[in-house]
């Protein structure tokens, strides 16, 4: 059994395109909102990561499959699961659901890098400890 | 005393720009999310407006003063007040606050128009009745 | 006779919303692209402003009237005119046209501020000299 | 030897995030602008596809690797190559370059679907003929 974090998101006009559905690039924003709230839930602040450890998380790859469209006013359920936690990177499985319908499924890989030169850095231990509980 | 609707919004990375603050164009999105939730609170659905009355609301003008920047992870309080309700248009005063600091203040005018030819139409009476309670 | 700078912009799917037209907040982006290209045309780089003078331009107010919608694949003509150049701020009149049809007309006020504390600063003289030729 | 279409894109403030670089989701927009211009170059209009054939192209999956950041004022070179053309879908290899530096590399799969029910449809023959020349 995998631990899954959930976050609700409402679809506004800004999210739609001329096809009347959510513009596909915007799912990356939705996924990130959910990851950010998962971090907040773990009491991991992105700004304290930078201030205390001199590191920052950056997205190094994304892959998304689009299954069904979301529309204006839909309330979406975004899920976050940790697929893998490495020394300097974490891979997430993230999905967008409307009720029991899977709309989009993605894998997002984030890397921990030095704030200044963007070189890979080990994830700070106290953070890794929190993340491990989700693997 | 004016009735004021409030809606909370969190600032995510997608909202920021290279200056480290919320990109100014995004306040128009924040204002719209708050107006949309105000409409939802009034039980006025944008899609039923289109389906039942053949009308849609469009933004006809905006004016925003920027006072102070919002930053990543800020929780903003968005306010919606109705300044004026005309036969075919409504003017809103909308503000973004962080705690007691006013960040941005805007006036947004929306017009009620025919779904097909975009010509001004009277706001449907049952909707006008609800809006009047906010003037 | 006023000097007017022009910049062409194509409408892509990302710019549209579920109404099939350009989402109104995006005109602020279009206006900014045109102002940025006007600055580039004047050989004023935003990054050298920050590096050489410790100042940066920020948008302090916007006001836009929307006249007619733009649609997917439209080629728009964005105009930039300087309405007023003050010691620490510049006011622009900016418009979006499709052929001879005015779609949106806006006033954008930008302020010159200190990079660190965001307090108003005088516009650097060599830049002011270039701007004055446009008033 | 593969045929490659190229399209230049300038990075504006709207494209950046608080990290001072292009926000990663925006590469999907850049890729789409390039694909749209490739279609235009082939004289394939998205609106005529809908009008004449009742079909529309939708993005069904994306996968992007981020290699190096793009910054404000950068001029990027976007490339479009057709990896595979199936009966009802096309797979693109798309990249973003700054000079000789590869910034992002992606695979985008678009499906040809019925305008009304979004079911897969064969790509119209005259369009397929044009696309095949790029495989």
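When the chains are written out, they are named A, B, C and D in that same order, and each has its own residue count from 1.
Basically, a contact is a pair of C-beta atoms (placed from the backbone, for glycine too) under 8 Å apart; a residue touches a chain by one contact, two chains touch by 3 or more.
Keep in mind that this is a model prediction, so the values were computed, not measured.
Annotation: the chain B:chain D pair of sequence copies touches via predominantly the same residues, more than half of the used numbers being shared.
With centres defined by CA atoms alone, the chain at the far end from chain D is B. Chain centres here are Cα means. That of chain B falls 24 Å from that of chain C.
Chain B and chain D have Cα centroids lying 34 Å from one another. Centre-to-centre spacing of chain C and chain D amounts to 28 Å, using the average Cα coordinate of each chain.
Shared interface positions of chain C, defined as residues touching 2 or more other chains, are 13-14, 19, 25, 29, 32, 72.
Partner chain C is touched in their complex by these residues of chain A: 13-14, 16-21, 23, 25, 71-72. Against chain B, the residues of chain C that register as touching in their complex are 19, 24-26, 28-29, 32, 56, 58-66, 69, 118. Those residues of chain A whose C-beta lies close enough to touch chain B in the complex are 10, 12-14, 29, 32-33, 36, 45-47, 72-73.
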